[in-house]
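Note that the chains take the letters A, B, C, D, E and F in the order they are written out, and that residue 1 is the start of every chain.
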Amino acid sequence: MSEFTHLNEQGEAHMVDVGDKDITERSARATAIVKMQPTTLKMILDGSHKKGDVLATCRIAGIMAAKKCPDLIPLCHTLLLTSVKVELHPEPDNSGIRITSFCKLSGKTGVEMEALTAVSVAALTLYDMCKAVDKGMVISDVKLVEKSGGRSGHWQAEG
Amino acid sequence: MSEFTHLNEQGEAHMVDVGDKDITERSARATAIVKMQPTTLKMILDGSHKKGDVLATCRIAGIMAAKKCPDLIPLCHTLLLTSVKVELHPEPDNSGIRITSFCKLSGKTGVEMEALTAVSVAALTLYDMCKAVDKGMVISDVKLVEKSGGRSGHWQAEG
Amino acid sequence: MSEFTHLNEQGEAHMVDVGDKDITERSARATAIVKMQPTTLKMILDGSHKKGDVLATCRIAGIMAAKKCPDLIPLCHTLLLTSVKVELHPEPDNSGIRITSFCKLSGKTGVEMEALTAVSVAALTLYDMCKAVDKGMVISDVKLVEKSGGRSGHWQAEG
Amino acid sequence: MSEFTHLNEQGEAHMVDVGDKDITERSARATAIVKMQPTTLKMILDGSHKKGDVLATCRIAGIMAAKKCPDLIPLCHTLLLTSVKVELHPEPDNSGIRITSFCKLSGKTGVEMEALTAVSVAALTLYDMCKAVDKGMVISDVKLVEKSGGRSGHWQAEG
Amino acid sequence: MSEFTHLNEQGEAHMVDVGDKDITERSARATAIVKMQPTTLKMILDGSHKKGDVLATCRIAGIMAAKKCPDLIPLCHTLLLTSVKVELHPEPDNSGIRITSFCKLSGKTGVEMEALTAVSVAALTLYDMCKAVDKGMVISDVKLVEKSGGRSGHWQAEG
Amino acid sequence: MSEFTHLNEQGEAHMVDVGDKDITERSARATAIVKMQPTTLKMILDGSHKKGDVLATCRIAGIMAAKKCPDLIPLCHTLLLTSVKVELHPEPDNSGIRITSFCKLSGKTGVEMEALTAVSVAALTLYDMCKAVDKGMVISDVKLVEKSGGRSGHWQAEG
């Protein structure tokens, strides 16, 4: 089994040397769900004209957070994303809103962390905008769905 | 039922006016769990000397993220945290690591978003440090546990 | 006539000492106009459902920029805004979109720069979102409209 | 007529996919003017020894702002500027100071927003440094003058 | 002897709880020296008209860095500086430039780190601007000179 | 002798045009020493289990600061570091802790400033964590040890 790449032999954290990696097309898709009271979900979806800025604000926050990833995650490399998408879809059966992100770049490191950061911050923003009516909202299933490119190639979450 | 405080009557996002709120002691506690393969958990816990920087890096990332909250969450107010704690505890029965945060300030707005941001970024950092061995890790149950202070007073999550 | 407060006697820049200033309620209102081709304005306004994110993105960018003011303007003090609003209104007669901002705090320094930064960045964001169809857009009349609080009290732009 | 590139078919904001664009030399030149009272202009220009830091501070602020563009403008790509210049020239006939910027890179996206952000923040900094003597200063004519490189090639403002 | 305040009983880093501290006037003064070749120092000082931006750029960088302290030093509290000054003075006998900073606030934590960060970043900026002619420049004696306010009161460096 | 590259003919600061420079492998190594009371050094080293987070926090702060270099040093180019390492070693004979950093990238500009910023911020963080027991700590000998790549090729500090 592989070792933790972010630690040297003394167990000390360092930013992994990617100097010898190839520049390839890399992409990643992540997801999260924000669960809430049915009445909260209804409030967000009702009157799309009046409540429109809720979902737009989450999208913008998620996109901007993907760019801030190297500022947030200590050992992440700065990189040049070529594409970021964040989408929010209601899942009435789960009484929640599903958030998905997609990040892409042509570079030496993967964009998994950027995709995961985008959904996390979009979810936190959704919490922020609705917390006055529903403090018990829960963010769950923050996970990588799929990645491509790089040495480890294509990877897809099970199930 | 209360309205979404972050939207005006036209449904447009704005930063809520807290000018008339009282300056009170406020605190918030949040939690999250990062689930992983049992072998991944074992690798983190084994040889605490060698692997020590994994958990320390997550703590530092979480604390720094709490301070960056107004940069990440579009409508959050800048505020002066007086205390931030981030703790990570293994939960072998859940095959995961539980992250908790505690934030405090004396001010006009609550620190719920700071506490939630701290656990989220600590969890993302844990994912980052272990992703070479376990891409299927999942961050779940990101939620507010308890808050105190402010107009709405004490609140505690159910269950 | 008053001196430039941001320079010492040697003409060197410094951050003005506001330690002895009173904590008072302060507010500022600023404005700007983004002029464009009539067809560009029509595209933004047509189909409010489809184009809704244009104006929402500008609002969010303006609000976030107000919080980043001390990072952008070298001699600005960090401060705790209690309220930020950014509004965009079409002015078909001017073939443009008028942006206004309103910032408030209770503190030792005014919020003029925060209000001006908010309209400037909202205007730049509008340019960014429409530049593929109209590179000749012009941002004009970025100015303070009104301020209140502090030693100099209430001030209102002429005309 | 081209569509708004920053919106998808549902009208939702996203960061445009530039993955397939060519890496070419790109540059952009922008300008703005800060109009003020003749006595304010005289104070800035008089005694260049004593007042030297006013213009230097604006230049530095503009250059640093060009680098912060992806943090400010939500849908801008992070990019690697190879050159940034900011110049300030008095225009006594306009009772103002003309600011021009020039940005360059070798990359997949243009640098128009970086050039516009540089002049905007340099102008805001000038306002900040002189606001104690002249709150009525106005920033106008913030616009792109010229750009080169990329798919749309060379473009020059009319008039 | 006092314990390390930034570690809990398990030796884990946390942001110290200053909630119970008094709001008092606090200030700190720090210093550093940048040593260089005599010809480098001469180049900086010669022709103050032509080389003026060297020292101005260092001052601005130092002041802005003081404001970024909580972003840089993981366990520092965000705070509201009321005054920042950075000065650079040639010391021909030491073949160097002495940098001093002075920071002030009314708050619950001291500003020692802000003052030390200001001189450090001003010194790094000086290195950056002169490195093309003198890569062997050395930054030394970065230290706190004096502090006042807070529980520990006035403190002055020996010697 | 070469001129200051960061100033134009009028002595005004600008970001050097590196557009024509070659993309080469570049690296830099920097160092600093933090001197302290022998009892302070002993406290850091004693009980490595309990005090482990002190050195880990400094490493993380140094690595993150290397990434923030273009935000801190006004005329630095944004760049894509491929590797950052920060190490801390006690030097009991000097009653201090030696900090070294190593940065690498494949790009058009050197990484000297990134390496120097990493050791400076790691040293400031060490000061922060120990200042409650030893305010008289001094950071010295912040200097470039070695660099490679680029037009000026390999360079090594004397002595």
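Rule of thumb we're sticking to: a contact is a pair of C-beta atoms (placed from the backbone, for glycine too) under 8 Å apart; a residue touches a chain by one contact, two chains touch by 3 or more.
This is a predicted model, so every value here is computed, not measured.
**Q** If you apply the touch rule, which chains end up adjacent to both subunit D and subunit E?
**A** C, F
**Q** Examine where the copies subunit B and subunit C touch and state whether the two sides share over half of their residue numbers (same) or under half (different).
**A** Answer different: the two copies use largely distinct residue numbers here.
**Q** Between subunit C and subunit E, two copies of one chain sequence, what rotation angle (nearest 5 degrees) aligns their Cα atoms?
**A** Answer in degrees: 120, to the nearest 5.
**Q** Assuming a repeat means more than half of the contact pairs shared by residue number, which candidate in A-F, C-E or B-F repeats D-E?
**A** The pair repeating the interface of D-E is B-F.
**Q** Report the inter-chain centroid distance for subunit A and subunit C in whole angstrom, where each centroid is the mean of the CA atoms.
**A** One centre to the other, that is 31 Å.
**Q** Using the average of all C-alpha atoms in each chain as its centre, how far is it in Å between subunit E and subunit F?
**A** So the centroids are 16 Å from each other.
**Q** If you average the CA atoms of subunit A and of subunit E, how far apart do the two points sit, in angstrom?
**A** Those two chain centres are 37 Å apart.
**Q** Among all residues of subunit E, which ones touch two or more of the remaining chains?
**A** As it turns out, subunit E has residues touching two or more other chains at 12-13, 49, 52-53, 56-57, 59-61, 64, 68, 71, 74-75, 78-80.
**Q** Does the chain-touch network form a line, ring, star, complete graph or other?
**A** other
**Q** Taking the top-of-page definition of touch, could you list the pairs of chains it picks out?
**A** Per the contact definition above, the touching pairs are A-B, A-C, A-D, A-F, B-C, B-E, B-F, C-D, C-E, D-E, D-F, E-F.
**Q** Help me check something: in the complex, which residues belonging to subunit F touch subunit D?
**A** Residues 8, 12-19, 70-71, 74-75, 77-80, 107-108 of subunit F touch subunit D in their complex.
**Q** Please give the residue numbers of subunit A that touch subunit B in the complex, ascending.
**A** On the subunit A side, the touching residues are 1-7, 10-13, 32, 39, 43, 47, 49-54, 56-57, 60-61, 64-65, 68, 71-76, 112-113, 116-117, 120-121, 123-125, 127-133, 135-144, 147, 155, 157-158.
**Q** If you look only at subunit A, which of its residues touch subunit D in the complex?
**A** Going through subunit A, the ones touching subunit D are 25, 56, 59-60, 63-64, 66-68, 78-87, 104-106.
**Q** So in the complex, the part of subunit D that touches subunit E is made up of which residues?
**A** Contacts found on subunit D: 48-49, 52-53, 56-57, 59-61, 64.
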